[in-house]
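Following this line, the structures themselves.
Next, two complexes with chain A in common: one pairs it with chain B, the other with chain C.
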Partner chain A sequence: MDPDLVLLLNGIVSGLLLGGLYAAAAAGLSVSFGMLDVVNIAHPAFMVLGAILVALLWGATGIDPLILSILLTPAFWALGAALYVAYHHFFERRGDEAIQGLAFFFGIMFIIEVGLVLTVGPDQHFADASYANTTWRMGEVDLPLRMLVPALVALSAIAGLSVFLRRTFIGRAIAAVAQDREALRLLAINPTRIKRLAFGISIAFAALAGGALVVVQPVDAWSGHVFIGRVFAIVIMGGLSSLGGCVLAALAFGVVENVTATFYGPSWSPAVAFGCLLLVLAIRPQGLFGRAA
Partner chain B sequence: MSDTTLPAVKLAAPRRMGHGTFWLASAAVALLVILALRGIGSEYAYFAATFVLQYVVLATAWNILGGYTGYVNFGAAAFFATGAYATVAFGKALGLGLLPCIGMAAIVGGALGFGTGVLTLRLRGAYFAIATLCLSVVLETIVVNWSYVGGSRGAYVMRPREVPWPFDTYSGFLCAVLVVLAAASVAIARTIEKSRLGLGLAALRDDEAAAEAAGVPTLRLKLVATSISGAMMAVAGAPLPYLGSYIEPASAFGLAYAVNAIAMPLIGGTSSWAGPLIGAVLLSSLQQAATVTISSAGNLMIVGVVLVVFVCAAPHGIIGLFRGRR
Partner chain C sequence: MTGISRRDMGRLALAAAAAVPATARAQTAPSGPPIRIGYSMSLSGGLAPNGRPALTAHKIWAEDVNAKGGLLGRPVELVNYDDQSSGAQVPGIYTKLIDVDKVDLVVSGYATAIIAPAMPVVMQRNMCFVSLFGTGVNTDFKYDRYFSVNCTGSQVKETFAKGFMDIAMSMDPRPRTIALVNLDSDFHQRTAESARFLAKERGLRVVYDRAYPPSTVDFGPIMRAVAAARPDIVFAGSYPPDTAGLLRAASEQRVNFQMMGGPMIGPHATAQKLQLGPILNNLVVWDVYAPEPTLQFPGTKELIDRYQPIAARENTDALGYYVPPMAYAQMQVLEQAVRRVGKIDQAALAADMHANQFDTVIGPLRFDAMGEWTEERNLYTQYQGVQGNGIEQFKRTGTQVVLYPARYKSGELRKPFTAGA
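Up next, the complex of A and B:
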């Protein structure tokens, strides 16, 4: 085959795998930002917190990082629920969420990151899964398990979440709170309780994404920064509250970034991806997969 | 639509200081600060004062868009770095000194602000915030790949050997320049706040649809606010290369500038010109003290904690505490 074509094909495939990781990172935000309207800019910081905890636990126990991250989810759920209680008490109740709420999460993000630097140090942490050095080859295309396994775990978790949101009573209540919280009150459901639960789920997803991240690459306290723009970009391009749109946007984002990096060098890939987002925001603010308001 | 569509408002406060008086007062304060710093005369005092003052300019500039108009700009670092790199680029290309470079930075920053405004006209709230964050990433990538200004290796900017007349060292001159810039930006912010433009921006912040319906030219006011704010943020960054003689993209676009630009006005109070001034002086002196006594990671921790405590406990900032809860 033509070497350029092979390169392109490999770029697309590894972009799709990278997109799986991005989907994991963005799914939680799709719940909190897209459905609950809570602009949790600290979401990537929670992901990094999860990643570093997984790395430390992996160092202590040697259990597979992805299993560890699943074990971490209840703790992160509780953390998220507690954070939402504080957020609701101080901002949402008063109707001050716009600027103050954003600043609140900005501050939380800094506290998490600097707290990590002060406690575990600024160096990189990693966790080597047993399959990390295996690569499947399908013809000319490489499928590194280091990328494939986290992507598959992430996508199946998102599929589970999507089923939960569609089929169960609580899941539908979460979807409903996104549309009209007052109507929820009329059904004798407490919207605050539902939002607390949903915000917990979004932070639990950050822990899962952290597990996936630490399998893919070494993580330091500041790794979340590059993800802030990416995950918000993905959620907006995906049309906010749609999980399916979020996954598609994540895959597209991964492919664009990776193909750019393959052909023009990695230093250009952020600009192309974010340029796309700026264009989407300027031309089609409801997202590529969203419906017009 | 013209300015005449705005209803003339008579403010009740009788003892209001006129614009001219305020500008004179700021000039007097600036002169006093320069003399006081000259009196101390140590290099570190100059450095610390320059550090604090660049944040005064940055926070005041951010507040024109963020506080008066209600549009949260997460890309303050992008504008700041634009100013810094304007100094590098124009200094290298045309051999300009610091002062003309500050002027060029204002033009470039204003144009960038105007462009941002045009591109994001339809966006509100969180979308605008995220668009500015993206802008920051795009600009950083461009600068990293632009080898003329040093790319990711960074650029060295030599301080001129001869020092302008009344100053003994270049740091003293740099510090005096920033004192003037800070005084001017505070005065500009107050002039905007107390003028018809400020009233229009406040109407825009409180309810954009209602303001539009009442005949406030929201579109034009938004563009004016983004341009002025962008120009002033770039001016804040313009002296940065001379401060450390070295500049590189990762630190110029650092999130520390973005978070500080937001935290300082919020801590001081966003509704008035005094808020960002108080917040910037408090928070940056605190950080400067923490950097010297604890560690540079510790100083960001302080910003985070102070920011969270303030937005929770004092939603209208320090100014709000004194005015009583509304």
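Up next, the complex of A and C:
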């Protein structure tokens, strides 16, 4: 096979796998930022918190990192719900959520990072999944399980969340709160309670994303920084409250980054990927799957 | 004259036992106002994994000095603030240290990004400045009171990659092509420039030469593009997360290069040694110290032995082979200069540092006019025979052998590099 074609195929496939990781990182934010209008800039920090907890638990138990991250989701849901209660009480209730709420989540991010350094140290933490050193080969195309398994787990979880949001009463209430919270009251549903539940789900997804991240690469307290720009860009590109759009945008981001890195050098990757974001927004300001206002 | 009774003998012995240590204490205990040494240190942020071990080494040095009677008979006191790995914090910290805290001496925190922002403040106050792991910081400042504790020397372009190239060109058959891949950072741009320069000098054809941004997550496409260029050898410059990514990708793609390595910062930290394990085999890594018999100097083993239990308590780098010896040596330079000069006189200290040799835990060193080492000592080491992910093997000699420079050589090159395959 033509060497350039091999490079292209591998660039696309590895980009899709990378996109799976991005989707895991962005799905929770799609709920909090896209649906609840909560600018949780600390979302990647929660992901790193999940990753480091998974690494520590893996060191103690040897259980698969992705299973550990699933086991962590109830605790992260509770953490997210508690955080939303504080956020709602001090900011949202008073209508101060714009700038002061943003500052609140900045503060949370720094507290998580410094707290991690003080408790587990600044070094990198890792968890070696049993499959991490295995690569499947389909002809000339490589499928490293280190990337493939987290991507599949993440996409399955997102599919499950999507079904939950579409098919259940609470799920539809979460979707509704994004559009008209007052209408919910007419149905005797407390929008604050729904938002608390939904914010908990978004943080629980951060734990899942953390499990995926620590399988892919070692993490330290600041590993979330490289994801902040990407996950917000992906959520916006996907169309804010659209989970499907979020996944598609994440996969597109991954493919554009990796194909660019392969052929034009990795320095161009972020520029081309964010350039695509600008292009999408220029053509469809509401994002790929967003509804026009 | 009456004889001494057994009871008197007992009293005398008791008095002597009480008096001798008291006398000894009076001779060795430091007294007076402390000599205060100020600096910023990265205790949080991205540089903290190296900043915290450096601080631990500094504390060990201060304990050692105070236990031996202090400096000029006075105790030494370390005054440091967390710069959060941000160069923007550094000028303010040094201004406070010098103008408010009134420290007697200043040294630098860890690495170029922290050293360079301190320079204007230190230069304004005409203070001596002993830095830690700075690369080419004084090239532009040309400050005659700057002294660098880093093995790169002042001719970075001409010498940094020399060891790597010398090792590569000694292979049979000799390599003809080279790939250069590096992080887009100040340090790695300089090291890549050296590799580029020396590759051209040795007639190597550069078949891949690209930098990647710090935000890179997936290193698979980079390694695939490098492998597609079919280089005989690969010179890579990276920081810890990237090093893990590059080597993992190399392992997944079953690369086969005659030689790969360079300033791939990462395996220097214990956590990454343990994580990568056999993937490290045959990797040729730039380093500053390795626990090999050829690199044992007075005090080296004692420092490591004291550092490791503290590191275990404080959750810092467990082995401490990378930063702690250099950080301890940084303070030894200051200590020896102050002892020779006999007072805190910045001009006299600078003159002494330019004129004399320093015997440190990383060996003897001298400074040139630019404050860099007169003789570069870029070590190129190779991981050999790593099995599994246990820590003990990295304490043994023969696991990370020194290939360059010849005077510290402790093993022979093994090839090819296959990332553990």
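By definition in this document, the second predicted complex is superposed on the first by the 286 of 293 C-alpha atoms of A that agree within 3 Å, B and C clash if a C-alpha of one lies under 4 Å from a C-alpha of the other, contacts with A are read in each partner's own complex, and residues count from 1 in each chain.
Here is the rule we go by: a residue touches a chain if its C-beta (ideal position, glycine included) is under 8 Å from a C-beta of that chain, and two chains touch if they have at least 3 such contacts.
Bear in mind the structure is a predicted one, so any value in this text is a computation, not a measurement.
With the C-alpha superposition on chain A as described, chain C and chain B clash in the combined arrangement.
Shared-chain residue A:94: touches chain B; no touch with chain C. When the two structures are aligned on the shared chain, A:275 is found in touch with chain B, with no touch to chain C.
Applying the stated contact rule after C-alpha superposition, one finds that A:162 touches neither chain B nor chain C.
Once the two complexes are laid over each other on the shared chain, residue contacts for A:217 go to chain C alone; chain B is not touched. Using the contact criterion defined above for the overlaid structures, shared-chain residue A:7 touches chain C, although it does not reach chain B. In the superposed pair of complexes, A:233 makes contact with chain B only, with no contact to chain C.
Shared-chain residue A:267: touches chain B and chain C both.
Shared-chain residue A:122: touches chain B and chain C both.
In the overlay built on the shared chain, the residue A:106 is in contact with chain B alone; chain C does not reach it. After the shared chain A is superposed, the part of chain C among 62-70, 80-88, 296-304 or 350-358 that runs into chain B is 80-88, by C-alpha clashes.
Residue overlap on chain A between its contacts with chain B in one complex and with chain C in the other: 113-114, 117, 122, 229, 267, 270.
Of all the residues in chain C, the ones that touch chain A in their complex are 43-46, 48-49, 51-52, 184, 210-218, 220-222, 224-225, 228, 240-241, 244-245, 248, 251-254, 269-272, 275, 314-317, 389. By the touch rule above, chain A contacts chain B in their complex via residues 33, 39, 86, 90-91, 94, 96, 98-104, 106-111, 113-115, 117-118, 122, 225, 228-229, 232-233, 236, 267-268, 270-271, 274-275, 277-278, 281-282, 285. Against chain A, the residues of chain B that register as touching in their complex are 66, 70, 72, 119-120, 122-123, 125-127, 129-131, 133-138, 140-142, 144-145, 152, 255, 259, 262-263, 266, 270, 297-298, 300-301, 303-305, 307-308, 311-312, 315. Residues of chain A that touch chain C in their complex: 3, 6-7, 10-11, 14-15, 17-18, 21, 113-114, 117, 120-126, 128, 133, 135, 142, 144, 146-147, 216-218, 220-223, 226, 229, 254, 257-259, 261-263, 265-267, 269-270.
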